[in-house]
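Got a structure for you, written out below as structure tokens; questions coming shortly.
For clarity, chains are labelled A, B, C, D and E in written order, and residue numbers in each chain start from 1.
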Amino acid sequence: MSALTVTDLTVDYRQRGGSRFRAVDALSFALEPGQTLALVGESGSGKSTVVRTLSRFVKPSAGEILLRGVDAADGVERGLPRGRRAKRKAYHKTMQLVFQDPFASLNPMHTVAHHLRRPLLLHGGHRRGPKLEAAVLDLLRSVNLTPAEDVARKHPHELSGGQRQRVAIARALATDPKVLLADEPVSMLDVSIRLEILNLLDRLKQDRDLALLYVTHDLATARHFSSQIMVMYRGEVVERGPSDQVILHPAHPYTRMLAAAAPDPTVSRAALAEARAQRAALRDTRAAEHRESVLDQGCRFRSRCPFAMPVCATRPPDLPAVKGSVPGAGAGGAGHAARCWLLDESAAAAPAADSAD
Amino acid sequence: MIPSTGTETRDDSSGLGTDLVLRASNVSVEYAGSRPTRAVREVSLELRRGEVLGIVGESGCGKSTFAYALTRMLRPPARMTAGVVEYYGRDGEVIDLAALSGDRLREFRWNKISMVFQSAMNALNPVTGIGSQMDDIFRTHRPGMDKAARRARAGQLLEMVGIDPRRLRSFPHELSGGMRQRVVIAMALALEPEIVVMDEPTTALDVLVQREILDEVERLRAELGFSVVFITHDLALLLEISDRLAVMYAGQVVEYAPAEQVATEPLHPYTRGLLRSFPDLRGQRREMHGIPGNPPDLREALVGCPFAPRCESVFEPCREITPPLRAPAGGWPVACHLHDPAHDDYSSEGGR
Amino acid sequence: ACGSGSGSGSKSGSGSGPHGLITVTTGSTSPFVANFNPFSPTVQPGANGMIYEPLMFFNTARAGDVQPWLAQSYSWNSDGTAITFKLRSGVTWNDGKPFSAADVAYTFNLDVQEPALNTKGLPIKNAVANADGSVTVSFTKPAYQQLVYIAGKTLILPQHIWSGVSDKKTFADAKPVGTGAWTVGKVNSQVMELTANPHYYMPDMPKAKTIRFLTFTGNSTADQAIESGEIDWGGGFVPDIKKNFLSKNAKYAVEDIPLSVTYLVPNYKQGPTADKAVRQAISQALDREFISQSVYNGYAPPTNPMDLLTPNFNSILDPSLADQKFGKADPAGAKQTLQSAGYALGSNGMFNDKSGKPLEITVKQVTGWSDYTSVLQIAEQELAAAGIKLNVQAEAYASFIQDQNNGDFQLLIDNFGYTSDPYQYYNQLLNGSVAPPIGQVDQFGDYGRFDDPQVDSLLADVSATQDANKQKQDYYRIEHLVLQDVPTIPLFAAQDEIEFNGNHVKDYPTTDNPYAAPPIWLQPDEGWVALHIAPAS
Amino acid sequence: MPATVTTQLVEAPAEAAVRGSGVLRTALRSRRLIAGLCIVGFFVLLGVVGPLFFGNPNLVGTVQHAGPSAAHWFGTTDIGQDVFAQTVVGARATLEIGAAAGLIATVVSVVIGIGGGYAGGWVDEALALLSNVALVIPTLPLVIVVAAFVKNTGLLPTVFVIALTSWAASARVLRGQTLSIRNRDYVLASKALGEPVWRIVLVEIMPNELPIIVSQYLFAMIFAILAQAGLAFLGLQSPDLLTWGNTLYFAQNAQALSSGDWWWFAPPGLCIALLGAGLALINFGLDELLNPRLRVYREPRARRAARADGTETGQ
Amino acid sequence: MRYIGRKLGFYLVAAWIAITLNFFLPRLIPGDPVAVIISKQQQTGTVPLGEADQLRRLLGLGSGSLAGQYGQYLNSLAHLRFGLSITVFPTPVIDLVRQAVFWTLILVGIATLLSFALGIALGTVTGWKRGSRLDAIVPATTLLTAVPYFWLALLLVYLFANTWQIFPAQGGFDPALDVGWNGAFISSAIQHSLLPAITLIVASVGGWLLGMRNMMVATLAEDYVVAAEAKGLTPLRVMAKYAARNAVLPSVSGFAVSIGFVVTGQIVMEQVFNYPGVGNLLFAAVQNQDYPLMQGIFLAISFAVLGANLLVDLLYGFIDPRTKEA
């Protein structure tokens, strides 16, 4: 059984003036215990919204969330009023999250121990006393924060960013969750601390058989620390598959752009200069800013897409429909899929050189 | 006057010494407090005309502080306790930045050195339009320009960084993060300065935007020929765009080398650690580790090599003797006993 | 230091004396507005007596002193149901139209036609102008005792103006047409000026050309102006008046004719003060002289135990009571009074009531009336010396009045008087047959609900006769009853000191020559004084 | 009072509410804080023990209008009361009114500001409306209404009425703060742990606003004392309440200043000013302590002289 | 537009609540105006029996239930009828209020504006020059702010008016002059307003100063201010356009809030200086239980405050462009 199954999740934000903004559009995926699923995409593509919805800070407008087979909505909204908080608690015991900004996710007024004591009291069946304190120290040790006794007494401002993020992770682990949502857990951290934290998450995932959703826009870490990658663009998943497949053989033009943009110290200077020139040429063909283009029926990426063609004005086929080989992108692995007309044999064969508009 | 490390650096600069545009010698900066933070410790660097000098280092190692010292932007509680920052004009004049004050300082600023601040998003006044903020620059520094000319120039600058000139009337919050970043870069280039200091100009942006901005900077530099001091903790990025590279650790420069060489054969264990901290996008999956441990508290007095507690190749002298920044034969300056001929016997086993 | 030269006169550049400007203040805190509608219940300074005039003048400072004003004389019919006024001749309205009996009849008939305008509640049947120029007003019942209101307080209106006014209650009478000695000059929120009517009918009157009224936010600001000599005729409580006012200029004068009495009003029906012994003990324990000296510089002399306002009502004072006076504080006597009435001293030196609870009396006062606060602070100590615990409770004015009217108090401090008629005085203070029971609103005067059938019938006797001698006998008996019952605890003649700046004015009423009551806020005496007062040259 | 309004709008960054061993040391170095604490401490002491030394400070005497002397340190009033006794005893009620009214106003503003800000939705709208309306209601008639209801203008009604009319501006500030804090990650994290609402508000949110609340309390105290004095001045306070404001009122009524009894007029006003200044100083001190941005860094003199045209930016 | 619509709706509701409170508040005060009038008349003579009922009829009081009266009140408000004052009986409330508002606006309004401007200017400079000797102003002004207002006023009157006679002690103008737009009157009005205005400014400038200074200090640490300095802009421009422009925002909304205090809070001031303003009128109305006048004044105050807040709210969109979004 999957730890978490999400089907057709749709989230709308109400905007000023009453109009609605669809931040997440019919998203489906499953998290397996002991596996990491990476969710990548540019800023504003709706990654955090997914996390916020799963953590129940935002109400979805449609879709189903099954947490270990139990409908999340059923667990709360349809429950008896008396049991509401209890069910909510049960949900959060199973699912926890780690925030992006370790400086903001700990209350500056409280000690590290306080932050860890709360979940233990609420979910761990602990009572105040030496046992609780021991559990707190154990948690700290499990995230390599030693000497635990010292750390427990400290206030967040006395810790470095990496240490704080460890505390935040420890707090999330305190409820002994089955699913962990990590929303860009390392983007605010220094490169070397980044690795430490990711390694830690990786180890915990294995030790505790966690299902981990790793949200990031760093393709390299996504590839290295997850088994599956899901690429989001403007609220919808445009590509997903095993991580090596997605990164090494990106199918969707957007994924390709992402992959090409990532700094790569191994590339030679000449190659870099050439890539830069290519990009410049490409860029000149588009108008200065297309980012604010309207959403209509067509492919959402087409205004930026180097391969846009007339057919892109209609909606590309849904994800599961595209399986198997990806033209022009080399081999395709099992479960690797992208949402693009380029991959549809029935659509126009030749990639259009010009953009749609 | 100039301390030994500085001299050595210059000697090493393969005949480009005449092309200097900025030289920092022995700069130290302190944040006052009950226990002062010595954020920058005797750093000496030089910048040549048209060059991209990268400064890399972990968060909190004093990069921004040093950048502020270069531009004379330190304000209390920060204080430059020692050192000299000199600017070398095209006509051969040498200006000691510390000696500037009042109108002369103002004139110097932005005309010669401009800066793109870390968190450039916040470097724009939220309540006035970006056009008016660009206008301020011309009004102050180019009093001869009339209104129309100022407008035209501002529009031109925006266009140069790929933003519709009609956006001049926008307020900062109406622009996306990437756009704001580009506006700030446009502003930094407004007076066509000789030096632009960029303090982590892309850290908060996603890869695509970051790439666009880097391309932009590269193009503009090629066009306008200014020198760049580029600060980041993303070593992978820096290796790509910079000509030379200074690696800072705990307020000190520990390695100072041409970028390509650092990429292939870094000397300092810290640089090596940093390089290993980047997962390779396309390479083989492998077990990776960051540099274990934490950087030292800059409020403490440091004895020995500051990196020693975290260093995988630490050996005896590291704990007692602070290694000076010194170039081994045929190499580039590095502050590590491993590369000190005096400790040759160890370096062979400690190096890779 | 504030010499006589500094004043509004010198500032205006026209000079006060020679040019006939007199600056006054009534102590009113409302802004002035050009509205002299005489039906306004909130007396506008000037309207009453200076612009509009009554038929006769009743001197508040001296009972029985009645002077002709618009009427030369009056006569009652035999049973007091009709009165005929013989009017003065040669009077004109200030718009030049002649004044006539028709105007007087019109004025009295208004009360019948529009009952809402009959604010004095006079039992008028009708009024007719007689052929000889006199006016006869008839009543539905004998109205002897309403004479002051009929002749002294009803202002005569010009028929030719007022008959054209549709809503007389809310008519904004900005340019009043009256018979009075004054016409309206300028009016703004701070200043109101009345100018002498050049065609006034009384010879050589008025003496001044202009009277300028100023308004102040309160005592302090008014006092400041009075002390600096800016005010020529003012009425306000000046603390430490000898030092703050009199000593500042040789020609500053204070006239203080007692016009009312300050009492502690005990609740006659309930609470500790329902017991006469308590009332008596309180009275005995107080040192009125000390209070008068401490709080009022001696300007409020102790009054008499008969509750009688003297010297105004000296004419009805029983000669045998003439030397009844309050003495020094007598705590021992007070204790004895209480003990003999069955009260016991507690161990703390304070009395307990008959049920053994401490004898505590709460006295109510109006917040912000600071002289009363001082009085009560002293009283508190003097009563404590006699073993009586006094609690002072201050209330907002409106609450105070409500409690007073409802009889919801044990003791309160208030003053009463300002009438030229001893009957009105005693009747309202003591008539238990008019006062409603406690809990119902009494807006009359006997707030303590004093109730003695003997007094009531004596008062009825007085009202039924015109025979002054018979009335005197009744008054004498009332005085004895008061002495015996202690219906109120009189303290001292209310302090009604009026300040005159002798550098600017002369011929004002004095204790020796009380031709009218001097307070400028007292109408229509104010109008009478304004006729006689003259700028000092 | 504009003073209360604007200073409270200054947002002390909550994160700066740093605690630890260093704080006390820093606190002791803040001259303003020390001065403020000394002044307020002195008056509190006066208020606590002062009245024990004087029986009835309203005792009238025969020595009237007397200047300061050995027998009467601050002279006497027009009816011979000892001004020194009144000043000392008056400290208690004055402080009580200030402390209590400030406390109630602060509690109300915390409940309404933080409660509304956290609850959001229509509750927030309604509470925001309430505070806006409260800002509009004229104080004076409210004082009279409340006083009339309780039939006495003594201590309690005064406290209530002042509190009732002075919470709104603070509530607005707190609401703004809460709106910004309630979506911070650490609050979301608490929510995600399933913490009950009251705990989130009381334990996670409120402590972060503590610096603001404390500063609001101190200003509310000053405001209350001044307001009581103002009400007394208008004659709206019970005369048997002995506060500095009331003493001042009697002094003014007796024209103490213009008739030369300055010793009666000066002490209460000065005491209020001093106490107010003391509270304000504490506030500054705390501000500096909690908000490092406000701290002034002074260079040692020698160094400053040596670097006349030093490296700090030219201003 | 929706933003403005929402704001307007909010203020309409607030105005309605304020109007309703204005109606009920005076009526909650125990006692009734007739009793007050009678009692005042008793201060100048005995009052005949039955006058109370007559007065009630004359003043048109007490007709119908409270709810009915409330309906009537709303109705007359809708027709802009504010009734007749009881204190100065048949005078329309609107006349009295108009007269008083004029004086209050002149004195209190201008003094408040001046105090605000001065406080902001001083706050800007002390914040800018933090740590310099100028900073000593800050504790000094706070001390002044903590002084009871009337105490300071009385002291100043005693010194400047009574002892040295530099300023007139009280009143809005020289009573010898005619009210009008002529030189003599205006200069007299200005002369009379100086002392109260100075008192007001001295007592209130500290609050603005302190708020502005602290905001200024906080703003100076913002990146955009540092950036502006790095650009080599003149200190004046950095201070005014980059630092003060942002730091002043909270003070501006504070200013709108303080409008209410301007009117009611200055009752004491108008008392001390015998100034013919709204505060005085309100005080007189309250003391005389003059419902119509109280209502009129409350209405004026409520609308002034609501209006000022609305104005600032709407203006805020221009002062701070970010508000339109959030």
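In this text, a residue touches a chain if its C-beta (ideal position, glycine included) is under 8 Å from a C-beta of that chain, and two chains touch if they have at least 3 such contacts.
Keep in mind that what you see is a predicted model, and the values were worked out from it rather than measured.
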{"item": "Other chains in touch with both subunit C and subunit D", "value": "E"}
{"item": "Most distant chain from subunit A by Cα centroid", "value": "C"}
{"item": "Chain pair with the higher count of C-beta pairs in contact (A-B, A-D)", "value": "A-B"}
{"item": "Interchain centroid distance [CA atoms averaged], subunit A/subunit B, Å", "value": "32"}
{"item": "For subunit B paired with subunit E, centre-to-centre distance based on mean C-alpha positions, whole Å", "value": "55"}
{"item": "CA centroid of subunit B to CA centroid of subunit C, Å", "value": "92"}
{"item": "Approximate Å spacing (C-alpha centroids) for the pair subunit C, subunit E", "value": "38"}
{"item": "Per-residue multi-chain contacts in subunit B, two or more chains", "value": "73, 75-76, 105-106"}
{"item": "Subunit D: positions in contact with at least two other chains", "value": "144, 148, 234, 252, 258, 297, 313-314"}
{"item": "Parts of subunit B lying in touch with subunit A, wherever the complex brings them together", "value": "58-60, 159, 162-164, 176-177, 179, 205-212, 215, 218-219, 233-237, 239-240, 260, 263, 273-275, 277-283, 285, 288-292, 294"}
{"item": "Contact set on subunit D toward subunit C in their complex", "value": "56, 58-60, 64-65, 78-81, 144, 147-148, 151-153, 234-240, 249-250, 252-255, 258-259"}
{"item": "Subunit D to subunit E touching residues, read off their complex", "value": "1-7, 9-11, 32, 125, 129, 132-133, 135-142, 144-145, 148-149, 169, 172, 222, 226, 229-230, 233-234, 245, 248, 252, 257-258, 265, 268-269, 272-277, 279-281, 284, 287, 291, 293-294, 296-298, 313-315"}
{"item": "Subunit A to subunit D touching residues, read off their complex", "value": "55-57, 85, 88-89, 92-93, 96-97, 99-101, 104-110, 118-119, 122-123, 155, 157-158, 168, 171, 175"}
{"item": "Complex contact set, residues of subunit B against subunit E", "value": "71, 73, 75-76, 105-111, 114-115, 117, 119, 122-128, 136-137, 140-141, 171, 173-174, 184, 187"}
